[in-house]
Amino acid sequence: MKKIVKYVLLDILRNKILISYTLLLFAITMTMLLLGDNETKVLLSLLNIVLIVLPLVSIIFSTIYYYNSVEFIELLVCQPIRRTSILLSIYAGLTLSLLIAFAIGVGLPLLLMDHSSTAALLVMIGCLLTVIFAALAILGSVRMRDKTRGIGMAILAWFYFSLLYDGLVLFLLFQFSDYPLEKPSIVLGALNPIDLARIMLLLRLDSSAMMGYTGAVFQEFFGSAGGTLLAFGLLLLWTMVPLWAALRRFNHKDL
Amino acid sequence: MIEFSHLSKKFGKLPVLDDVSLHLTNGKSIALIGPNGSGKTTLIKCLLGMVVPDNGTITVDGSDIYGDWSYRAGLGYMPQIGRYPDNMTIAQVFGMMKDIRHIPDQQLDEDLIRAYKLPAIYDKRMRTLSGGTRQKVSACLAFLFDPAVIVLDEPTAGLDPVSAGILTDKIIAETQKGKLALITSHILSELDDLVDEVVYLQDGRVKFHKSLPQLRADTGEHKLVRAIAHVMENA
Amino acid sequence: MERFVSIILSLSLAFGAAARTLTVRPYSSMSSVAGAIRSALAGDTVLVYPGVYYEKGLIVDKPILLKGVSHPVLDGEHRYEVVTIKSNGVTMEGFVIRHSGYSGWNDLAGIRLTAVKHVVIRNNELDDTFFGLYCQNSDSCVLSNNILHSRADSSAQPGNGIHCWHCTAMQILNNTITRHRDGIYFEFVTGSLIRGNKSFYNVRYGLHFMFSHNDRYMANIFDHNEAGVSVMFSHGVDMQDNLFADNQGGGAYGILLKEITDSRVTGSRFQHNTVAIYMEGTTRVRIEKNTFRDNGWAIRIQASCSADTICRNDFFGNTFDVATNGSLVLNNFDRNYWDKYEGYDLNRDGYGDVPYHPVSLYAMVAEKNPAAMLLYHSFMVDLLDRTEKVAPGVTPADLVDHFPAMKPGIINSNP
């Protein structure tokens, strides 16, 4: 399995799109770090990148890569190896290369210029979102035979998690505004990896305490050691569950 | 030795394989022939473990392949269209396959690689190769690990006549060594000198499974093309 | 004042001698402070040497100087009010006062001033007292350089640090107050000055101020108080050069201004507060030349406020600069510096040519539904805010800075 990962990684790391993605991230991060006047503002701007661009690129790139590798995957399936290790290798190769791109593009400049633990948390959350959306991409591609529909689903999934879901939440919050909503809103926040990531970081970026009573409730929950662990656990779950579902499907799939 | 018994498979409601039973023996090269949609590719994919049949069993050398993956160590496969990761070089593709199979170098069969002069272009990226060259790579991979069973799906489709000839010779040489070659092809003319047996599939059923001399005798035709045409007209 | 001096003079003359000095020491013939006060005459000095004195409620009823040498301790044994001052003209300094009683129905204090004038309480340390310095019906007293801490962490609810009720012309200077209920509490106090105090980590307000007119408080520091500072139902309050920091929580405000008229907040710094200034029912209040940095809401102004002027302030890094609950705006917001302003200044007069609307759409949304802060800084919310900036529809059109400053203007004049 390690062998396949190595070759997939070698393949993707020379991919032009991935290289330009890395350079773009690097350019944006450096510009913000050099021109931004205060650290919190820079981190907030980077947070936007991490929450919007990262999931989009992860899910679209992974989906396209999977569909382009369908014949290659078939060839691998005819080799004496388990299907599980084939899919996991492809996934691992994909996420590793996306993580390397993120690490070089954002992590390296950020951690060199800003040693705060918040910056470290931002990098960590970026990594988790990459891993999660690559897993969602694999699940979608394994389930959809048709490439066009697969890519469509990927875009839709991204749209749902970064925009539609929040719109629905806002709608719900106003529908039930007569009830105490702080506890349900924790649950709502946890059900979307992007929201969860955003809340965790905002709590650290100090604007947390500024969110008034709602913020205080979040702080109490996610600010505690148990809450942080739970949040990271949830994010991991967001990786494991799609991946597990993809494997289940892939193992019984007719290629 | 490969045994298909009572194999059936549906894609949705469409039956693709319907109670297919076949007995294929070593040392033979067998042509799998049939019109489009007759189930040739699906049958091959069942054998390769890419498609799981709804019913029936496949045994390779006496053991059931269901849920097993190790039997594929004895299998070589040349797909109809070979596509590889864009940015891998030919050397890396071979390297990866060798890493997966971990077979010592001296046991590798590199005849075709030499015959196609691939080492000269080892550093080329897969995305820069022509369709024919990619087919050559696929062919080399199918034979590289000296497998007992070789499955070739339209092997000569993208190859120039010289390369196709090299491949045909290689198949004959390997079957003479006692291996089993399973070939699907539309180009029946090139199968005349190549195959020992013919399996004819139609609508997911085995119409017949005969040796080539037998088929010639039954139909009174010498050329395979004509023999098959004769069968189809009389069906 | 003259009367006071004449009393002192006549007393001194009557006894025909200058003021005496009495000393109190443990294990001596004069080992009780109460005893010394009993034998003292007006104008005498009572020197108390180091030791722990259990006086079971010390009462000072003569105009004397009560002075501690090297911090003698007056201990209330968790049962008594430690010191009660019932006479004008008392000066008390240099003591450690501790362990007052705690009571649910009686406000026991470290030192209580009852209907007195010209009392000076300075350089004392009050530790574990229920109320700290409790002044009622008093006039022209000075409370300075005292350190007060209660035990907000223990189970008993603490009282206020410096508590003034129906007083005039008080001076509260350079005290440090912590872990009380309210750091400084003013009710019906007029013409007084609160200067240079530090009030922090109190469980309710750092300063709690009601029905107290024409007072000044300046150069104080209020931070980490559970509910910040509250100034209510008063007029003519002058608040200058104070620092309001780190007052965070659901009901925490840098300053809560409620029903305030003709007052000023100037030269102050507000940072890291959940809400820097909350205004409700204020009239003719000037908020001028303050700095608002990294607050959740810099100013939350309710629609009940009118004729207020918010000008020449600097706003940096606040989540929301201004939030309001209505569409009617009767206040002036001109000539402030807003770090979020994106306009230009073609005529180079230092003020942007495009008016600035400091209320964002999401500030309005969050005002209506606090739980919606859940989505703060999400892609959707940013999109909504951008759209609103381009085509305003929800935010109040009148809440506008017609002359937004291009550069921050404050020369820091902070405590």
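Each chain gets a letter, A, B and C, in the order it is written, and its residues are counted from 1.
One rule holds in what follows: contacts are C-beta pairs under 8 Å (C-beta built on N, C-alpha and C of every residue); 3 or more make two chains touch, one makes a residue touch a chain.
Fair warning: this is a prediction, and the values are worked out from it, not measured in the lab.
Shared contacts of chain A and chain B, meaning chains that touch the two of them, come down to nothing at all. The chain occupying the central position, as judged from C-alpha centroids, is A. With each centre defined as the average position of its C-alpha atoms, the distance from chain A to chain B rounds to 42 Å.
Between chain A and chain C, the centres computed from C-alpha atoms are 48 Å apart. Put simply, the C-alpha centre of chain B and that of chain C have 89 angstrom between them. Those residues of chain A in touch with two or more other chains do not exist in this structure. Put simply, chain B touches chain A in their complex at residues 11, 45, 48-52, 69-73, 75, 77, 79, 81-88, 92, 95-97, 99-101, 141. Residues of chain C touching chain A in their complex: 248-251, 272, 274-275, 294-297, 317-319, 365-366, 368-383.
Contact residues of chain A toward chain C in the complex are 38, 40-41, 44, 47-48, 51-52, 162-163, 166-167, 169-170, 173-174, 177, 181-182, 185, 188-189, 194-195, 198-199, 202, 206-207, 209-216, 218.
Remark: chain A residues 3-4, 7-8, 10-12, 14-15, 68-72, 74-83, 252, 254-255 touch chain B in the complex.
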